[in-house]
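The data blocks that follow each hold one structure.
First subunit A sits with subunit B, and in the next complex the same chain sits with subunit C.
Up next is the complex of A and B:
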């Protein structure tokens, strides 16, 4: 008995010490994956370009805030996280960080003091960055930017998620191996793969999260990778598989939507607008083509979904029958002017609704938000028009929005589930709360 | 209160079509540019958003997008011996204000003048003899030719995404286009719009009479389009709300849809709204401008804005007003015929016949501003002026632009304009009428001009501009000639009834009913500094760093809607400034 108590006591002591060590012993930082000379310097513009590829601006800049000074609220299911100031300000930014400190934030998700970063910072993906890109980024943030003094707000997460030390265990499960290994011998495809898996951190939104809220896959060979996710109420559509939103798109279509936010089929919405605004529109042609080739290859063999050219929906709309149900009537009165009776819109200006991933997403919240509050495309160098769809929330009741959304979800060749007025009411409340 | 702001390379007065064109063309040169716009900022969404903008009362009747007479108006008299009175309500013409200017609320008809319109006096003298020109008619040549301007029409049309059908490509006459037009270098960027019933009926009738119908060139996009600046248009949906409205649909070419988002990306371009330019400031020797002074509505103070180059790009009337207020060019004197600023104000001579068909449904609510069919068989280059006794011409056209309920319902003769019978008439005739119109030249006359009013002042204490204008027998004969051609076409279509409206003998200008916002002249271009206010590059003769855009440059009015020519001249002037003036600022002629 005494022995047992001793053993129990010892076990508790070891567990306790282990736990203490778990909380307090610093994390082993990942080493550089390639050796670069100490005097390696990025070429002119390389640092800024690496920053664009990694899209640091979208999260680390508050709406109307100074560039990279942080404090953008990032809504997560666990609470609100505020992005940090990554200007080289000593007191409030990352001034004084060593290259190893900087790399550890990107690879291991830890600050110099050992604090764990919330995975809103996509270090799951940044772990694949090359040493060149890390050095280029470091140079950009430390030497090319002016410091901005801006203290960032405390993130507002509920217990136990506000206990950052718990992330250490999470990382054991969530993080893959550091460094990037291509799944292909083709250098163009490999470049595309790197951009997607690494700096572009596309998987952060387009890959589903598992029960631990980690990305279900981090690499291309795994079919879960880029198989669709959700971000702030918007569906980040699947980019592969039978439900791929980009099935049948040409490389030109892919490059166009990344460079300009629009192509012959679709226009970007939700958080992707920030990605185009701050990142992909700045990609050089070579990278755009690589990304496009990678995405075409990811959907290799799948042609555009079969779509009937003549649909009952179009016939109904064109009939202008005054007795048609409320949904199509609302469509004629509000949507038809741009998206037309065939639901095909017009190239690069008015997106297709027939087969649209936004319209037919499993979760209708993106579509409802779009109808309620509208959307504005970012102005880009090639397509400067900030084309804007107005919101219809002040014109349509919850019931009407639900009827309309249900109609377009099942119109033409679409076959998605209907929407209830309660779903609309909830989103309308959220939208109003945000506005106030 | 007053302030002086730091000097800019260029200040642009007005941010409509020409201000936007000059803005983006000069921004490409890397110049530091400030555009000053007297009105509000405007964007497709929210300012033209559906359904708010589809409001005939607010925008069609109460002129929501137009200048307000309390802020800006003119005085009018018809003859030299009348006392001019202020226009207290807009009527005959509708200048816009705000970003986009009148470029947001036009119908979109985009024409090129005939070759002989640029050299009208020479053409008449060479072809018919100087003696047929009436003594008081002051027509002049433009100083440029159709051939010189062709590349610049091409640029404007491709920038604005015009839908149409060429009739003459490099001399080759093409079936279905206008066979009488000046040669163009290539076809329109977009195919013609679909046609409505009225236009198709007119086309058939015109063809049967041996005329040459063709689709009207339209700035309402017939398909999705991307222009040289990457700006985009979506296909027009025939909503029937073009003129007086901003386009809900990114379908009508305007500064907003075709230029502004691209222009705003230039870090060296900035614009200020609610900033009305009061005058152009001249150097002591009056040989150059030093900048402008404007009223900053927000700060409630006058601002001196120095600049090396001043572009007047306001509406034609306002450009002339600013020139008169600033001493740019000698003011025109109708007694002596001397002076140039304010000279040769001209307008447009239009007429029309309305046809009523009990059994035809025209669905007038399905309409685009410029869809329609025209003939140019009686154009200014097709008429024997000596034989007919007038100088001028018209295009003749049919095409419904709207079916709006307050202004858009024509009633046959005999239906009262009020009461139960009127109501019944509306019920019987809505959607059962169409019209055939003539859109014609209006020439320049010694006593049709613009100067400063001796009595009335605006809210800034500046004299209002005085318009002296009346219809003249030459132009009335021209429109009566068109009547004699249109009525037989109308009759051949066998309407249940028809009625005509053309200016007749003794007609006097009435500023109340809407006619057209085609006010031209006053800052005319030409080859002689004693006879024109601007040289052929739209540069002020006396102040080489002042360029003046717009239809004010037309020495007399063309037979067409002016926007095509205004756009081409803007590109023509921009090219001269970029290639010739900037490297060596000086008088270009």
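Up next is the complex of A and C:
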């Protein structure tokens, strides 16, 4: 969510070209992609469900704030952007917006007055929403929600990033065609594809950014789509291709992690926790199965990575040899209790560290953050217990965390680069700054 | 008989630990061994100087230093007791302390005293020291070890007649001494994890599955909650 600041850099690049014309010529709004009767009404609950699929709550609700009243700060080195109040309040929200106004925000990233929205709002992906979903969302936000008066704080970006008109040029390059076209005849796979490309905006995090910091691909046939991205230093792992984090997972594994945040291999962390907490856990069975089928199909033909069952690491840990190096010793003293000597944890309780995409990610940010501050799995309807991994920041020095992380990254069948104490010190500093 | 509900609650311990962990996750690690104050220069939080001398003397007889393993003094058990009495445990914060109190009722009905643990220590120590001074010429701390044993034995069998409200004093003293001996060092006792080393307990490491049933000693020393190794 925070990465988009780079997008602004890109926008600046283009504005540098100095086309003043597009500041003044009005923006064309995208038309509805299907014609629905004027008196079309969503079924009971359809609007709320569409809101869940699109995860509007994650961004538009401030921590401890009222639902959809906005002002969730999105920090960046250049300033803070605040999400908007999208309750139907006339003065401070989107009360009084027409359906066309609402559609234009989701498809084209513009406000009724033509102001461009920052792409922190994922309209690159929402452009694929069906007219039914747009109408259902509109009904939900306009008629099912109570207005909340809460003025959206002024985003305080420094010049020239505060010049929103620059985004117009960026959109010419970044936005794909509106509307959704399935890449398959299979209705189940097509539904999964829609959920991923459109409302689920999975690509906003799991697709790499190109040099304009736009999503490098927006659709399934392009192999760059879902081939791995980065968000706030955390790696959103590839969901396809040779390095896919979910290679060899069954449809059941896929459905389990989306519905409960945990499965036999992994547990979700960082931003992905918000996705499960606010969105995917609410999917109905049919959609969950469609999404799972899509992800399995995306990894079709690939098998789980080869993993030696017996490893030197396990033998060393089991030996409990007092002369072992510091890394494995720290693992035994701090981590072994839950993740075990074989690094395989326990199904749906303690995730595997052997082969974990978070452990072996190129950037060690996620792993170091996990060790310093721990994490808590969100409680879901199906798995209410919010399992907690404690933080070890108070037990371990920067040098120790680096030794431990380096060990875990190369233990069992893992083979990732070591971590330095300086990398740990930096993240510890960040975490303290965020807390103060 | 151990007054069950005077035991420092394990749930409270664990809950406290979790909360503390949550609060301190980001604290800069205090790895440098904190200098510990020698016991003769320790400034008690709750106990007066005379009470401190009593607790030192009693603990030294309950788990003496001349046995096989470390004694209560080496494990700094008196520090544990002082800190517990100064905190929620001493104040009976987790106990139901509204009447009616019927301290003389059958022991099987559990603790019925209106006094908090801190108060039981205060009044109990005063009563025992008074008895020692009246009968043996000086307070417990100044008696010879043999005489101290005699007094403590009499205390344990109820022969000192401290009265119903102080009936649990002995049980509490023994229980807290054991707790201070075996609890995690973060609470002031079990200094240097000495009791764990002595009994071969691996500490807060909590998983040594592969060694169960092997009938040989686990090679690694213990780890405490703060992550220190011994």
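Some points to look at:
As a convention for this text, the second predicted complex is superposed on the first by the 410 of 436 C-alpha atoms of A that agree within 3 Å, B and C clash if a C-alpha of one lies under 4 Å from a C-alpha of the other, contacts with A are read in each partner's own complex, and residues count from 1 in each chain.
We take it that a residue touches a chain if its C-beta (ideal position, glycine included) is under 8 Å from a C-beta of that chain, and two chains touch if they have at least 3 such contacts.
Note that the structure is predicted; figures quoted are calculated from it, not measured.
On the superposed subunit A, the two partners subunit B and subunit C do not both fit; they clash. Contacts of A:374 after superposition on the shared chain: both subunit B and subunit C are touched.
Looking at the shared chain after the overlay, A:395 reaches both subunit B and subunit C.
Looking at the shared chain after the overlay, A:348 reaches subunit B, while subunit C stays out of its contact range. Look at A:432: by the touch rule set out above, it reaches subunit C but stays clear of subunit B.
By the touch criterion stated above, A:337 is placed in contact with subunit B and with subunit C alike. By the touch criterion stated above, A:322 is placed in contact with subunit C alone, subunit B being left untouched. Stretch 92-100 of subunit C is the one among 38-46, 74-82, 92-100 or 128-136 that clashes with subunit B after the shared chain A is superposed. Shared contact residues of subunit A with subunit B and subunit C: 334, 336-338, 340, 374, 388, 390, 395.
Within the complex, the subunit B residues that touch subunit A are 43-46, 49-51, 223-224, 226, 229-235, 237, 239, 248-250, 257, 261-262, 264-265. On the side of subunit A, the complex with subunit B involves touching residues 334, 336-338, 340, 346-350, 374, 376, 379, 381-390, 395. For subunit C in complex with subunit A, the touching residues are 18, 21, 24-31, 205-211, 218-221, 223, 226-227, 229. Residues 318, 320-322, 332-334, 336-338, 340-341, 372-374, 388, 390-397, 428, 431-432, 435 of subunit A touch subunit C in their complex.
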